[in-house]
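These notes open a run of structures that come right after.
What follows is a pair of complexes built around chain A, which joins chain B in one and chain C in the other.
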Partner chain A sequence: MFRAVVAGVGLAAFLLAAFLLLRIMPGDPAELRLQRQDLGGAQLRVEMQQRLGTDQALAEQLSVWIKGLLRGDLGRSFASDRPLAAELTRRLPWSFAVGMGGLALGAMIGIVLGFASAARGGTAALAGRAFAVAGQILPSFGVAVVLLWLLAGHWQLVRPLTGPPAERLLLPVLVVAFFAVGGFARVVTRTLQQVEQAPFFTAALTKGLGRSQALRRHGGGHAMLAVLAVLTPQLGWAIGGTAVVELVFGLPGLSVFVVEGLRNRDYPLLQAFLLIAGLWILLARGFVSMLVAWLDPRPRPFE
Partner chain B sequence: MPTRGCLAAFVVLLAGLATCWQPHDPHAIDLERALAGPSLLHPLGTDHLGRDLASRLAVGAGRTLLVAGTALGLGALLGLALGLAAPVLGGGARRLLLDLASLLLVLPRLLLALALTALFGLAPITAGLSLGLATTAHHTLLTAALADAVLREPYWLAARSLGSGRLACARRHLLPAVRPAFLTHLGTEAARIVVAYSELTFIGLGADSSAPDWGTMIWDYRLYLLESPRLTLAPLMAIAVLALALHLAFDPVEPRGRRPARRFPGP
Partner chain C sequence: MKGLSRRRALLVVIGSLLPLVGGAAVHAQETRVTVGQTFIAESLDPTEGSAGWALTSHGVAETLFTVDRHGEIVPRLAESIEPRDDGSWVLTLRADRRFSDGTPVTAAEVAAALTRVTDLNPAARASAGRLHATALSDHELLITSERPTPVMASVLAEWPLAIARLTERGPVFTGPFAVAEFEPGIRLLLVPNPYFPDAVRRPAVDLRRIADGQALALGLKAGEFDLAFNLPSEALGLLRADPALIVKSFPVGYQYMMWLNTRGEPLADVRVRRALALAIDRDELVKAIRAGRPSRSAYADYFAFAGEASPPHDPAAAARLLDEAGWRVGPDGRRARDGAPLTLSLWAYPQRPDLVTMQPVLKAQLAALGIAVETRLTEEPTSTARAAAFDLMLWAQHTAPAGDPAFFLRLFLSPDAANNFAGIDEPRLSKVLDRLGEAGEPAARVALAKEAQAVIAETVPVVFLVTPEWHVGLSRRLAGYEPWGSDYYVIREDLTVTR
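Our next item is the complex of A and B:
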C-alpha cells in the first residue's frame, strides 16, 4: 500500500515535470500547425493559440488538463483536433503487440539458447554470442528493411503491408525478438555457469542426475530470476520504443504517433503518452516484483 | 586485445581519412548515370540521382564519428561525475540522483534522444550532445554501482578516517577502481551510439535530408531495394562494421564454448 502511494506521487511529479518541460521546448504548436496548412501571419497565429489554449497561463493550462483527466478525458490532439482517448486505444494494441510479442518470443528463444549453450556449448554458445553482438551493432531499421526486402519483396512469402493483422505483425515481432534474444541468452548462460559452481549442483550430480537434467531442475529457477531482471528495464520499451519498426512496416502504432506528436509539439498527445507509459511501467514493475517474490522465497534484507 | 584495438583504430582511421578525401563530390547530381552499377569511376556505383555512393558513405563516416565522439565525451564526463558524486555524497543527494537517473532510464532511449534533438537540432554536434545526455543516466547508474562496491572496502574507510577530503579520496581511490569496467562499458556504448545516430537520422526529425548520413541514406534508398539493393546494403554494412570494430575493441574476452565438465568424484 505504502509503495503504491509512493509510486503514485512519483508518477505525479514526473508528469508535472514533463508538462513544464514540454512547454519549455522551443517551437509553438499553433505556428507549426499553421505551417502544415501552408498558412501564416500574426492574426491567424493568435487565433490558433486561442483555439488550442496555449495562450493561457501555465497554471490555467495545467488545471484544464487535470480537470480533464479527472473526468477521464485525455483531451484533443493539437494536430488533428480528434479526441486522444479513442485514437490512443486504437493504436496502443499495435505497439503493445509488437513490443510484448517480440520480447516474449525473444525471451523464449533466448532461454532455450542459453540453456543449450550452458549444457552443451558448441553451436548454441556461438549462436547466442552472435545474436548478442548482432543486437549491439545492427540498427533495427536495417534488419527490418532487409527482412522486408527478402521475405516480402524478393520471395513474396508474407504480405506485411496488406495482409491481415497477424500477418502484418509477424515481421515486426521477429525484428524485436531478434534484438532481444542475445541479452536473454547471455544472462541465462551466465547464471547457469554460476549454478554449476554451487555446492547444491554437485549434490544434484551425486544424486545421479545428468548435467542438463540437473541444470534444468536446479538452475531453472535461477535462470528465470535472471531473465526477469533483464526483462524489467526492457518492459518500458514495449510501449513507445518500437517507432522505427512501426515506421518501416507501416503499422498504425502508438510509437510512430508519439514521434509525430513530438514533431508537431502536440502537448496533449505527449502528456497522454507519458501518463500511459508511466502507469504501464508501474504496473509491470509491480507485477514483476510480485513474480520475483513468488519465484524466490529466500528472505531478503528489509528495504 | 591488441589486435582488436588495432582493428578499431584501423577502421576509425579509415573513416577519418574518408572524411578528408572523397573520390567525387558527394552532392554532384548526374542523372545520366543514375543507379549505375560499380565501375572503375564509381567504385560502389551511383544512387538514384547519380551521386557517387562511395563519396556519400565517406562523408557519412565523418559525421558519425563526430557524433560518437561528442556523445561519448559528454556522456562519460557527466555520468562519471554524477555517478561518483552520488555514493560519495550519500544520503538524500544520492537517493535523489539515482532515483532521477532510473526514472530517466524508463523512457525509451530513442524517444529521449528524439526529444532532445527537437531541442538542439540534428546537426552532428547537437545530435552528439543529445545522445550524450540521453545516455548519461545509464552511465551514472553504472558508475554508482561500481563505486558502491569500493565504498564498502576497508581501504576507503581507512582513507576517509585518516582525514582525506571526499574529493581527494574519490580521485585517489574511486576513479582508478571504477575505470576498467567503465571503459569496457564505454566501448559497447560507442557502438550503440553509432547505431542510435543512424536511427535518429533514419526517422529524420529535423535532419538535413540532403546531408549524407548513413541513416538518411537508408531511408532514401530503401525505395530502390528491389532494383539495386546495393544502395541500402552499403550504408548498413558501414554502420555494422564501424559498430563492430568499436564493440570488439573494448569487449572483454568471455569464456567461450563448453567449460570442462565437472568430474564426478570417483570412489
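Our next item is the complex of A and C:
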C-alpha cells in the first residue's frame, strides 16, 4: 500500500514537471499550427491561442487538464482537434504489439543464443557477439529498409504496408527483436559464466550432471533474473520507442504520432502520452518485481 | 489484389460499407486499386486546417473553379461567374451536379458551404476575406467578399473553398469518389460517387499513407501498390528496371528557391545579392537532384505568367560585383572586407530532401567565388525563416496553387506579409502588387506578374533555382494514368483500370 502511494505521488510529480517543461520548450503551438497552413499575423495568432487555451495562465491550463483527467477526458489534439482518447486507443495497440512483440522475440532468441554460447561457445558465441555489435552500430532505419527490400520487395513473401495486421507487424517486430537479441544473449552468457564459477555449480557437476544440463538446471534462474534486469529499462520501447519502424512500415502507431506531437508542440497529446507511459512503466516495473521475487533461486528466509 | 477469395472478400467489405455513403456506388467494385502516398486527409471537414486541399487531391471534394493541367482556371461545379458594378459577383452553377448522397448541388447549398468555410477556416479568408453568399435562384448565387477582388474565379479555385454539404453522417462532397471508410491521416477507402458522370468506369481506391519515400518505392516494387505518388529519385533506377512497373515523371507547380535575408550586412547590399544570383549554375543543381528543370522564373514554365525573376549564370559578372562591393579575394582565395571574411549560412530542411541535396552544390559554387558557406538544417523552416535567423534559406513552394500569380507575391514579397522571409520593402514591387489587386483582365495580370518578376530580378530578395519533377510509380493496371497538378489532384475522375 505504501509503495503504491509513493508510486502515485511520484507519477503526479513527474506529470506536473512534464506539464511545466513542455511549456518551457521553445515554440508556440498556435504559431506552428498557423504556419502549417501558410498563415500568420498577430490577430490570427491571438485567435488560435484562445482556441487552444494557451492564452490562459499556467495554473488555469493545469486546472483544466486535471479536471479533464478526473472526468476521464484526455483533451483534444492541438494539431487535429480530434479527441485524444479515441486516437490513442486506436494507435496504442500497434506500438505495444511492435514493442512488446519485438522485445519478447528478442529475449527468446537471446536466451537460446546465450545458453548455447555459454554451453558450447563456437558459432553461438560468435552470433551473440555479432548481434551485440550490429545492434550498436547499425541504424534501425537502415535495417528496416533492408528487411523491407529483401522480404517484401525482392522475395515478395509478406505485404508489410497493406497486408492484414499480422503481416504488417511481422517485419517491425523482427527489427525490434534484431536490436534486442544481442543484449539479452550477452547478459545470459555472462551470467552463466559467473554461475560456472560458483561452488554450487561444481557440486552439481560432481553429482554427475553434464555441463549443459547443470547450466540449465542451476543457472536458469540466475539467467532469467539477469534477463529481467535488462528487460525492465527497455520496456519503454513498448510505447513510444518504435517511431522509426512505424515510420518506415507506415504503421499507425503511437510512437510516430508522439514524434509529430513533439514537432507541433501538441501539449495535450504529449501530456496524455507521458501519463500513459508513466502508468505503463509503473505497472511493468511492479510486475517485473513480482516476477523477480518469484524467480529468485536463492533460498527464502525460514524456507 | 489478386485471387478470387480476396476479391470476394473485397466485394463483401465494400457491400457492407455502402450504406455509409448513402447508397453510393452500387455498381462499384469489381476492381480496387491501392494507392500509397505521403499524406492522407486529417479530417473530412474543409473548415479544418488543410482538409479541403487533401480531400480535393483525393478526388473527394471539388471547388467551384479549378486549375487544369495547363495552369488555366476553368469552371468545375460552376458554369460561369460575372462581376457586378458594386463589386459583388453572380455565379451560375452547373445544373447537372449532385452530392454523393444524391442531393442536387443548389445555390442554397453552395452559399451555405462558402459562408461556413470562410467563417471557420482562416486559410479560406487569405485572399478575399470572408465570403457572403446568398441564393438568387436554384442555380444562381450572389457572392460578396470582405475584401474586393478582381479575380473571384481564382479565389473560388483555392483549396479551402471545397464545397461540402453537412449531413447527420458527416460532410458529403461532389467529387468523382465518395468516402466509404476513413482513418484520419492513415487510410481512406473510396468508392466511385454514383452521381458523378461515368461512375461505373472507376475502381474503388484504397488510399494508404506511407510517410517514408523509400518504403513507398519498395511497396510498389513488392506489388502492394498500383500507384505510388511522389517517389524519391534515388529509387527510380530500381523501379524502372522492373517490367511490371511504369514510372512517370512530371513537372510540378512547386519552385525551389533561395531566400536572401536583406536585413543586415552583407546581404543588405544589392550588389552582393545580385552576385549570388549570378553565381548559381542551375544545371548542376538539376544534375544533383536528378530530376527537374533549371528555372529563373517565380512560376513553373506552363503558367502564362512565368517570367524572368532571376539573372542567368555569369560567374565573371558575379566576381566583378563582389569586387565593386568591396569584398575582395585575399591570398587564401576567400573574399573579405575590412578583415571580415564573407561567410554566409545556408539553410535547408529535411522535409524536402532535394533542398538538402542542393546545399553542397551551392556551397561549392559560392566557394569558387571566394564565399564561405556554412550549411545548416532546421526541422522548423517556417519558424527559422520568419525569425530571420538565416543568411540564405532554400525553400520549396507552390507559387500559383489557384492558377493566379498574386498568391505567391502577396504571401512572400509584400512588406507586411507573414512570410516576408527576405525582409524586403521595395516600393516598386508594392506598387505592382497594388495594381495586381485591381486588375481583372487575365492579360493585364500576366503583364503585371512579369513586371513584378523583373523587379525581383533587379532587387534579388530571392533567387529561383529549379522547377522540380515528381515521380509516380504505376502497376500495369494503371498504365493510362497521367500525373499533373502537383499534389493538388492525385486521384481524379480519369483514374480507371486498364484491362
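Heads up, the rule we're going with is that the second predicted complex is superposed on the first by the 296 of 303 C-alpha atoms of A that agree within 3 Å, B and C clash if a C-alpha of one lies under 4 Å from a C-alpha of the other, contacts with A are read in each partner's own complex, and residues count from 1 in each chain.
The definition used in the following text is that a residue touches a chain if its C-beta (ideal position, glycine included) is under 8 Å from a C-beta of that chain, and two chains touch if they have at least 3 such contacts.
Remember, predicted model here, so these are calculated numbers, not experimental data.
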Overlaying on chain A: chain B and chain C, fit or clash? clash
Could you look at A:Ala243 and tell me whether it touches chain B, chain C, both or neither (first, second, both, neither)? first
Check whether A:Pro297 is in contact with chain B, with chain C, with both or with neither, and answer first, second, both or neither. neither
Once the structures are superposed on A, label A:Pro233 by its partner contacts, choosing first (chain B), second (chain C), both or neither. first
Touch check for A:Ile281: first (chain B), second (chain C), both, or neither? first
Is A:Gly27 in contact with chain B, with chain C, with both, or with neither (first, second, both, neither)? both
Should A:Gly10 be classified as contacting the first partner (chain B), the second (chain C), both, or neither? first
Touch check for A:Ala152: first (chain B), second (chain C), both, or neither? second
Can A:Gln35 be said to touch chain B (first), chain C (second), both, or neither? second
Chain B or chain C, by number of chain A residues touched: B
Tell me the contact category for A:Ala125 with respect to chain B and chain C: first, second, both or neither. first
Can you tell which stretch of chain C bumps into chain B once we superpose, 42-50, 348-356 or 402-410? 348-356
By the touch definition above, which chain A residues appear in both interfaces, chain B in one complex and chain C in the other? 27, 145, 148-149, 153, 247-248, 263
Residues of chain C defined as touching chain A within the complex: 34, 36, 42-43, 48-50, 122-123, 126, 183-187, 206, 208-212, 214-215, 218-219, 221-225, 379-380, 382-383, 386, 411, 418-419
If you look only at chain A, which of its residues touch chain B in the complex? 10, 14, 25-27, 120-122, 125-126, 129, 133, 136-142, 145-146, 148-149, 153-154, 193, 196, 202, 205-206, 211, 233, 236-237, 240-241, 243-244, 247-248, 255, 258-259, 262-263, 277-278, 281
Can you check the complex and tell me which residues of chain A touch chain C? 27, 31-41, 44, 47, 79-82, 90, 145, 148-149, 152-153, 156, 159-163, 247-250, 252, 256, 263
Which of the residues in chain B end up touching chain A in this complex? 99, 103, 105-111, 114-115, 118-119, 188, 191-192, 195, 198-199, 202-203, 205, 215, 218, 222, 225-226, 229, 232-233, 236, 239-240, 243-244, 247, 254-259, 261-262, 264-265
